[in-house]
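In what comes next, chain A is part of two complexes: it sits with chain B in the first one and with chain C in the second one.
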Partner chain A sequence: MKEDSIIKRIYKSPYLHFVVFGLVMSLLPALTSGGILKTSWLGIIGGTIIYTIAALGLNLLLGYSGLISLGTAGFMGLGAYISAYATGNLGLPWEIGILAAVVIPVILGILIGLASLRMEGLYLGIVTLCVSEVLRKTFDELEPITGGFSGKSAEYPTLLGMFKLNQSTTFILLCVILVLVMILTYHLANGQMGRALNAMRGSHVAAQAMGVSLLKYRLIAFALATGYASLAGALYAHFIKFVYPSTWNLPLSLVILSIIVIGGLRSIYGTFIGAVIVYALPDLVLKRIPVIGDINGLSYVFSGILIILVVLFYPGGCVTVFYDLKRLLKKLTKRQVKDHV
Partner chain B sequence: MGGRALSTFLQLLLRSLETGAIYALATLGIIIVFRTNLVINFAQGVMGMFGAYIVTVIFTKFGIPLLLAILLGIIAAIAIGFVVDFVIIRRTKKVGGSGKEIITLGMMMVFLGIAPMVFGVDPFRLPKIIETGAFTLDAANLSYNSLLNIIVGLALTIGLFLLLQKTKLGLAIRTTASNERTARMLGVPTKKVTLFSWALAMVLGTLAGVLIAPSTSVTVNLMDSVQVNAFIACVLGGFQTFYGPVIGAYIIAIANNLLSYYVSSVWGTQILYLLVIIFIVIKPVGLVGKRVIKKV
Partner chain C sequence: MSDKIMPAELRAEEVLRIENLSMHFGGLKAVDQLSFSINEHEIFGLIGPNGAGKTTVFNCITQFYKPSDGSVLFRTKQGPVENLVDQKVHNIIRKGLVRTFQNVELVSELSLIDNVLVGAHIDFKSGGFSQALRLPKARREEKAMREKAERVLDFMGIADLKDALAGGQPYGVRKKVEMARTLMCEPKLIILDEPAAGLNDVETQQLAETIREVREKYNCSILLVEHDMRLVMDICDRVCAISFGKFLACDVPSAIQKNALVQEAYLGEKED
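Moving on, here comes the complex of A and B:
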């Protein structure tokens, strides 16, 4: 087989695809300020990006290593409050705030990873739910740091202490971070770690027999999932600019879970598609439809039914639709060639 | 002085028995579905919320007496349980991994969405079954309604155990619980068993909702804390038996009240959850669970 030329290799590189994807996304502020799209799109797509980041972490955990976590919301909240407190009350630079907001939850995540070695399957789900509940109740009560029920406000980030961002530039920052997270996820998932996690999902006993260190990779998986979730939470604090304790409840964890199930387990673009379907579509499309759009709870019913249908009839998630279409197209063109001969 | 401390303790214990009864009902709903379908039903809480909403709406909108409203609510709950099993659960036989649990999460979202569509967003109030009256036991007060709740919880739990142990239906449930495929081969109508288990779970959830409703208002969040506590009770008691989770439910209720009163009203629940997590790490199968040895 002939080696691909360098240009072709660069063209085929998934990293380049992520960068192009990010560039296309960051055109959005230009479109909204140009009046082509409504300004509300910025907030909704920004939220979608934040949800995608949190969901990518859960995808590493549930998709690759098969460990279920229902604590995503708690960690997102923890990241949000730490970052808001560090930048707002302590006056620390944004970069340090976000670093603290990722590191502290990761330590907690590693502890859960340690505990997870003793449990199986859904016990773990309920224990992570327990942790998330403890965190959520703490957000309610720890008023000096979290502001209690009245919530806590945060500012748009100031980069390097001098570049003060507004909504559009924060959106571009979100795009940059999303691309970095996607590249990191791709790199991890397709390297040695991805293979180890895949082996663990199949059978952790067999994986151990093959020399995969269960301790090491479970800890890494949990550290990554909590790290991504808290990063998403911290970005939420600085993009939405307000944090309420009631946001970080079980339904939010379920929304993140439904994103990866609907979009596609073990797929990076699938996660984004899932976030668009679950988070952006109800806001951008469903609520615009006359009469039906005014009904309360429609978006919940929409995602709920979609989850059930996807698990029952399309276990690979919505992203496999594209692969199936590609295969179908190939089949059709092949048949045509044959007919000609 | 000592007498007062004792009566406070007694009061706390009685109140815990009341919340314990509610948790036990929700827990039984989860465990009966888990044993017969091998799925942890994350929708148990919202199913109970939905049932409680139906009772409340029948009671307030149509002015039907409360007991009759509860009876109608139970009938509606059975119907919804049948629909859930018929439309969704039957088709999940081939779904592997955590797929079934994720489907129950989807069901949870559907119920959460339908509730405000059907019942509106304004909260309702549901009165107590016995409005007034209390009796005193060694300086500890207990309203007749609380007593009724305790008795209903215990009676239903005991009734369910009798059903499981003494009747033919109970035998069918236990056979299905131990091995669904073998049960089917032996001629147990497993389809009817799962149908029954979902209806029963829905009824138990509804009753738990009706019992807890008077102490708060009927909203979509009615069962949130009950659900979380019921799950924790299941893990604490172990999923392998029917009675373990019920014991867990009462332990959670009692420990929560005692910790909140004697240690800290703000941090009591968090301390309890942390203790449960530590317990699970030490003994992962729960209080009365057996270790399931998995073949590779």
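Moving on, here comes the complex of A and C:
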């Protein structure tokens, strides 16, 4: 392994994979404007990216630390409204709006982390769900800031106060942010912190014996999850350009949860695959099918069935399908070599 | 609790002394006024019939339980003697005291080397920010720790398995990984909770050898709870026997074997 040449090492580098992945994604606007794909693809894949970011945060929380949250939607909404309000009503630059939209929910997330020290499993799920519902109700009622039931509009971002983006360039911005978030997640998950979170999930006592402070790392896990979720929400506000209070409900939290279960716990690409399957596939494929496509809430049925299938047959998530295929391919090529000899 | 305790004093050769340690669960006295001390560079055995309170003693020393009474004096890695009762459970390892568990506690989904690296958690100096961006300092640190973990795995004889997942390994290997994990922090005292449980005869012999090697290489003391008397009598310099949380005897293994109180605790009273 140590004798790997530089080229091979670069080829194997996870950073290169992430960047190539981002570059491929950002080709999409060219494809839609070239008429190869429908313009609606841009919105759907953009939404997928936003869901991926929120789900990566939940993956750090549930996948690595083993703590559950059903409050993702509430924090996404909070991020969306804060960013929309800061840029729209207060006239602050987009970058400041995003920063505020991440920092404020993170503080709230840390408070929930404090509560998590006393609760586990279902009870933690219930508490986070309550927080989320309280937030959603607040979005309904706090009309001067949120616009109440009629919702709130936001603009495409203006970078550094100079570059005004349109839908295509905002999409590319989403791709850039996704790649950055993936790299950040990769670092966190594979370093000291990721191991501490893993140890905490594996065994509380062993983690403590090894010097991991449960309080500190639970707070970190919750802060990260809410930070990712609110970033996703803020990006949503500036990409979809409109924020309705009814968007941030329990089904959304469950969609994010099903993304990581279907895609694969503790897998970065798995999270993206999950988002494609759960979010993009129903819109791009299922709704085109005659008769079945007209059923209301079809995507929920689809992801519900998928969860059952994945949990039964692929407990590691859909991402393990690729590993299995790779192994199968290796086996086949090996057999061929043997036959030749 | 701390105001009751006198200034910490240990004799020069001692590394750990527990004094009048008591642990009550409601009316049950799991540990009752227990005292013993462990010397530097010593392999010390704690034995007793089932339910004697051995694991409770361990948990009191490592602060998973806060003792109802008594003190746990420890000569820390940094030098000064401290009463561990005042410390938080996750700070014990920083003092140079580390333990294994009766039911091996590893993260099944992590590779062996990552499991061992969990043991180096406290040794990482770079902050969260530099880790998140993987700045050169954090990168160097991670690399150095990884090399250290490889050396430890090599010492335990399982270096070739380093990238395998812990969950898929046989029990013997998992025990070795847990031992390797304790060695990452360069401890002064290692506490082993039934290290031979579930091992066959050959593995137990290897274990005895490993424990001795660990003591020589890492220059530390070892405290172990064990039911395998052959192992205890073979490797321990001194043995402390307890029964129902009470002190019975503390002596060299051969004397413990002849001790009437210990025989009675294990075998019952002689019928007249």
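By our rule, the second predicted complex is superposed on the first by the 333 of 341 C-alpha atoms of A that agree within 3 Å, B and C clash if a C-alpha of one lies under 4 Å from a C-alpha of the other, contacts with A are read in each partner's own complex, and residues count from 1 in each chain.
Operating definition for what follows: a residue touches a chain if its C-beta (ideal position, glycine included) is under 8 Å from a C-beta of that chain, and two chains touch if they have at least 3 such contacts.
Computed from a prediction, not measured in an experiment: that's the story for all the values here.
Asks: Please tell me, clash or fit, for chain B and chain C sharing chain A in the overlay.
Replies: In the superposition, chain B and chain C stay clear of each other.
Asks: If you count the residues of chain A that each partner touches, which comes out higher, chain B or chain C?
Replies: Partner with more touched residues of chain A: B.
Asks: If you stack the two complexes on chain A, which partner ends up touching A:L184: first (chain B), second (chain C), both, or neither?
Replies: second
Asks: Give one of first, second, both or neither to describe whether A:G202 is in contact with chain B, with chain C, with both, or with none.
Replies: Only chain C is touched by A:G202; chain B is not.
Asks: Which partner does A:M193 reach: the first (chain B), the second (chain C), both, or neither?
Replies: second
Asks: Is A:N166 touching anything from chain B or chain C once the two structures are fitted on A? First, second, both or neither.
Replies: A:N166 sits against neither chain B nor chain C.
Asks: Rounding in steps of 10 degrees, give the angle chain B-chain A-chain C taken between C-alpha centres.
Replies: Result: 80 degrees, to the nearest ten.
Asks: Just checking: does A:R266 make contact with chain B only, chain C only, both, or neither of them? Give me first, second, both or neither.
Replies: Touch status of A:R266: second partner only.
Asks: Is A:L298 in contact with chain B, with chain C, with both, or with neither (first, second, both, neither)?
Replies: The answer is first: A:L298 touches chain B but not chain C.
Asks: Using the touch definition from the top, say if A:I308 reaches chain B (first), chain C (second), both or neither.
Replies: It touches chain B, and chain C stays clear.
Asks: One more residue to check, A:G211. First (chain B), second (chain C), both or neither?
Replies: A:G211: touches chain C, not chain B.
Asks: In the superposition described above, what is the shortest C-alpha distance between chain B and chain C in Å? Please give a whole number.
Replies: Here the least C-alpha separation of chain B and chain C stands at 8 Å.
Asks: Would you tell me the residues on chain A in contact with chain B in one complex that are also in contact with chain C in the other?
Replies: 203, 205-206
Asks: Which stretch or stretches of chain A touch chain B in the complex?
Replies: Touch list, chain A to chain B: 62, 66, 68, 115, 118-123, 125-127, 129-131, 133-134, 137-138, 141, 203, 205-206, 249-251, 254, 257-258, 261, 295-308, 311-312, 315.
Asks: Please output the residues of chain C touching chain A within their complex, sorted ascending.
Replies: Of all residues in chain C, those touching chain A are 62, 64, 88-94, 98-99, 101, 105-110, 114, 117-119, 121-122, 124, 128, 131-134, 138, 142, 181, 185.
Asks: Given the complex with chain C, which residues does chain A contribute to the contact?
Replies: Residues 184, 187-188, 191-193, 195-196, 198-199, 201-203, 205-214, 220, 266.
Asks: Under the definition above, what is the set of chain B residues touching chain A in their complex?
Replies: Listed in rising order, the residues are 40, 42, 88, 91-92, 95, 97-99, 101-103, 105-117, 121, 224, 228, 231-232, 234-235, 239, 266-267, 269-270, 273-274, 276-277, 280-281, 284, 296.
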